[in-house]
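Below: one structure, written as structure tokens.
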Amino acid sequence: MRTSIWLACAVVGAGAVASGPAVSQEALKIGVPTALTGTYAGLGNEAVRAVEFAAEQVNAKGGVAGRKVEIKTLDSEAKPEVARKQAEKLALEGYKILTGTIASGEGLAMAPMLARWDAIYVSTINKSDKLTGESCGPRVFRVNKQDAQDAAVVKPWLAKRKEGKWAIMAADIAWGRDSGRSFVEAAKAGKKQIVAELYSPFGTNDFAPFIQEIKSSGAEGLWVALAGRDAINFATQAKEFGILDKIFVAGVSFVTDNTVKALGPISKGVWGIINYSSTLDTPANKAFVEAWKKKYNGDEPTNFEGETYMGMQVIFQAVERAKSVKPMNVAKAMHGGTFDTILGKLKIRAEDHQIVAPNFFGYIGERDGKLRPIITETISAETATPAPTGTCKMAAF
Amino acid sequence: MADGFAIEGIDITRSFGGFFALKGISIAVPPGEIRGLIGPNGAGKSTLIDVLSGRADRWTGTVRMFGDDIGALPAHQRRRAGLARSFQRTNVFADLTVVDQLEIAARAAETPNVEEIMAELSLTALAGKRAADISYGDQRRLDLALALIGRPRILLLDEPAAGLSIGESLELAHNLKDLVARWKVTVLLVEHDMEVVFSICDRITVLHLGELLAEGTPDEIRGIPEVVTAYLGSSV
Amino acid sequence: MLVQVLNGLVYGGLLYIVSVGLVLIFGLRRIVNFAHGSLFMIGAYVGFSVAAMGGFWGAVLVAALVLALAGALLDVTVLRPLQREDPIVTVLVTFGLLLVLENFAQFVWGKDFLKMPVPAMLSGSVSIFGESFPAYRLLVIAVAAAVALGLSVWLRVSRIGLYVRASSADPLTTAMQGVNTDRVSVVVVALGAGLAGLSGTISAPLLALSPSMGSYILIESFIVVVVGGLGSFVGAFVAAMVIGQVHNFGLVYVPWAATMIPFLLMVAVLIWRPTGIAGSHV
Amino acid sequence: MTAGDAALEEAAPVRARRASPVVAAALAAAAIVLGGVFAGAVQSTLLMTLLTQAIITAILATGVGFLIRQNGVVSFGHAAFYGMACYTIALAMRHGVMPIEAAILLALVLPTALAFALGLVIVRIPGVAFSMLTLAVGQALYEFATKARHATGGDDGLTVNLPARVFGVSTSLFQDPHAMFVVSWAVLALVVLALAAVAASPFGRLTAAIRENEERARFIGYATVLPRVLVLTLSAFVVAIAGVLFTLYNAFVSPDVLHWSLSGSALIMAIIGGPRLIWGPAFGAIIFFFAKDMAGDVTEHWQAIIGVILIVVMLLLPVGLGGALARLWRRGAGHG
């Protein structure tokens, strides 16, 4: 008897334990391993709000094809190792559809484990190209924009700018480096000159030395790839030194809803890539924003909230189509599928499971008495999404 | 063994920042002798012991042991060559049992005689106790046992009776005198208790402010007026 | 170039105010206080809240006082009962405190980043040799200088200061001099914590406020304290100024090594001269 | 001497506890069998994976605790040795320069060698300075791993492409919670027993003596630097073992494995468990791991809960949970 259990356990590895034939009304369980403490706690909070909002909304309508949606959140501390542990725990407790994780490293740590857990992961915030590149797989999906999509919109935008000399200020982490590199390429294509290329360590307190370099470089334009705490510290100090007023400033993840809230007037007039904005003028988005404001005391959804909500929309529709909550069935429904989202009808590419979505450019301005990212330019899904690079070797289903 | 001394310090000088702890001191103790080293506080007694035993740094001069220059040897190698010492403040391994630390010391001295040394210094009854848990007098004897285990050829003692009552010091002194005589250990003894010094030492060296003041048998020393007035006072 | 040096002074000054509190507590209690960064963080938040109601100067004062009170409480309730235990036990308690304080801040002030505006009267720039320099940054330098000056006068003149200096140099001997250690340490830990509160508020207009902001300055202030020779006040000042310059010039001229330099400096100092610290045990 | 006989009785139990290798081997075998039986009896994969991770962490804490026990110094940088083991395997697999077995060997050798070389310089440094030094070395390595992103993938980390078989055994076995529990449990049992044997050996007692009073150890005839270096080396070796198991189980590494907060956690575990006992740190690690896990299940304010537990345990039981437990046990045995 003992030996047989032992053998069974030993063989389990590849996830043979998957639940039996789906009971028709089995709940849809979604696990959210995300940052509840630490520097990224604010972003984690946004992810949780979006997931909860979507679940409440769909449960009020009787669930997803009659299935109740259940959510469980665990703190990933934005650390890959912890995220992996918590995601495993969620999956083993039956929350096999995972989403809402913040740092790319976390998603990349989870990706190779999904088969073992019989889970799938739907990224709504991770931007690293690797997730749908070398770490891609049948169980990994991304409904938010990857770095390559952000890079793709920079080139046409930059070509039209009148500023000839540019400085780059980016975070010295994988994402910041990638972003800096693609800006350099875009500058080359647009015949712009890069006069300074600066990378600040993650968690920099004092940006003064960089700001001084930017000032003395004679740059007319500044491209910023900083996020969260770094973004706020840089913007505050750049304002102090007066460069936000003298130099044309744009960036990626730099002035998002999240940082604008903290920065206030300092962020006004800064340009940047906008992955999602609550000001988007589509019926689906307007309905979403209205419902959101009702639930959250008049707050507009932030970019991460919008994108995470999109992820939930995709998951719900995939479950409906699969008529199952079994992770691989849901994955099959997502693979190459087209979904109705707040950004319109969007396709998840079969080659690498990256969503093909439009991207936006705009600036921080006042709308309805509040500072918000305002979209001035929409880059169509086809232009915004570069073809798969071939680094993804998608395993067969 | 050209000159026949057990331990010899020649022209030892140690200074820091203009202050001389030792000014060209020379001392030579023949084998089998118990030599007393006395002098007021700051005379340089402990410093001299430190130089001879390998505890001091930044000193000049020569240290010889049975004719061999050992000045460059680190402390543990001097101990292995047969030069042991005790300390002014009790310096045992507080958290180890008596027998444990003696066994450790025995291994370095390559001797099996833990039982012997415990018997000699009346520590046998305390073998299983932590050093921290035994009385101060017992700790002093343990300190001595750590130095004497393996029958070193030379023993440098830095105030072994410090902190003991008069009765205890004398008992310890005679215990010691008996032991070193049987084991043929040469001793250099720093001690404030003059009764101890004068009752067990063969010869006495007097230091004053880092310099040699006098040297001789106990009787000779008693007869030197400067020593008596400067240091001994009327008590001896 | 000159502006870069000034910037180094600003950052060094900020580091100094944080670190000198650590030095005070270490000198007396021989404790590496892991909660120090959290005290800095709470100081920033308290300053933020008070500034919203009572203006910047009120905020600086209140934050310093509140944190000084917290420091006194810390000394009486935690450091004193544990002084006979292995210091590592106390270090872990301060680590526990770090976790509690971060959570407390998250609970009270929320998870989103907050920003404290630069006080209006200091929001402009000053021209120094033709280069414009933010006025607020000059204030930071001034505060750091004032703290350094005030502290050194206090250490030299007052009885407690004398004791603190002696104790930092040799805790054992000083303990035998019959000074009321408990009374002294309340004052000293309160002062250290108060300085953490002060530095928190002073840096709030420059830095994003988040419950984890303390951890971004904690290790850097450790470096300052160690490079300065643990327990040395003058050393901490010099080290903070050096680290401030190394930080600024390193980031510009050797960006690939900039974050490693302070650690390597720390290693070098410890290996070269551990004696300044010898005799102290964790 | 009349006191002699009575003393022999006193001394006898002291010597009897010098472990016999047979007893140790029997204990190890019993522990491993027990682990196997336990893994066979427990069905929950969730419990097993949590236990597996707790035990790998326990090995890490055991290494950190051993350094405290034998050298009396506290390291804030042992994550450096742990992370170095992880990255050695990850990088070797990424570049395909050697078979996995060689990579594992190297992952054990490199951190151990680093500890040895480092030890020659740093063991002389006492107290807080040592702690700060280890912190600095660890953080410098962390910064390096983050910076060298062409090799390490930077903060995004590295997926470790393990081959299908490791030491002739299917790799999936190392990633199955039940199987890996048995493996890591067995390793932990062996490590604890081996360290206990070392601690009871002449070398172990010598290092304890050096910890107590380094100067006196020199004056009874010992060179004291090398023994201390060897203790540091051994503790780094144990930590490297934990790193290897971690990498095999997770197949992913990121710079977090080098960060001081990991060293700090390991230290907390060791102290909570009671580093005077060889098994104390492992015990503390398992308690801490599950306390954190449960607190995280209940509330997002788990940090405050853990913080309060830490403060309370340290205030009430400065000897650690293991120490208190051992005391209770002794008292119980004394009465019975």
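Order of writing sets the chain letters: A, B, C and D. Residues in each chain are counted from 1.
Basically, a residue touches a chain if its C-beta (ideal position, glycine included) is under 8 Å from a C-beta of that chain, and two chains touch if they have at least 3 such contacts.
Fair warning: this is a prediction, and the values are worked out from it, not measured in the lab.
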{"item": "Shared interface partners, meaning chains that touch subunit C and subunit D", "value": "A"}
{"item": "Chain whose Cα centroid lies nearest the overall Cα centroid", "value": "D"}
{"item": "Distance from the mean Cα position of subunit D to that of subunit A, given in whole angstrom", "value": "37"}
{"item": "Chain centre separation in whole Å, for subunit B relative to subunit A (CA means)", "value": "76"}
{"item": "Distance between chain centroids, defined by C-alpha means - subunit B, subunit D (Å)", "value": "43"}
{"item": "Subunit B and subunit C, separation of their C-alpha mean positions in angstrom", "value": "49"}
{"item": "For subunit C, residues that touch 2 or more chains besides their own", "value": "102-103, 106, 259"}
{"item": "For subunit A, residues contacting two or more additional chains", "value": "37, 172"}
{"item": "Interface hub residues of subunit D, defined as touching at least two other chains", "value": "147, 303"}
{"item": "Pairs of chains in contact (touch as defined earlier), listed by label", "value": "A-C, A-D, B-D, C-D"}
{"item": "Interfacial residue positions of subunit A with respect to subunit D in the complex", "value": "2-3, 5-6, 9-10, 12-14, 17, 36-37, 73-75, 79-82, 84-86, 88-89, 92-93, 103-105, 108-109, 111-113, 116, 128, 130, 134-135, 172-175, 177, 202"}
{"item": "Interfacial residue positions of subunit D with respect to subunit B in the complex", "value": "1, 3-4, 6-8, 10-11, 13-15, 202, 205-206, 208-209, 212-213, 215-224"}
{"item": "List of subunit C residues in touch with subunit D within their complex", "value": "26, 30, 32, 78, 81-82, 85-86, 88-93, 95-100, 102-104, 106-107, 219, 222-223, 226, 230, 256, 259-260, 263-264, 266-267, 270-271, 274, 277-282"}
{"item": "Residue ranges of subunit A touching subunit C (in the complex, touch as defined)", "value": "37-39, 41-42, 44-45, 172, 198-201, 203-206, 208-210, 212-213, 228-229, 232-233, 236-237, 240-242, 258-259, 261-264, 266"}
{"item": "Subunit D partner contacts - residues on subunit B that touch it in the complex", "value": "53, 55, 74-76, 79-80, 84-85, 87, 91-97, 99-101, 103-105, 107-109, 118-119, 122, 124-129, 146-147, 149"}
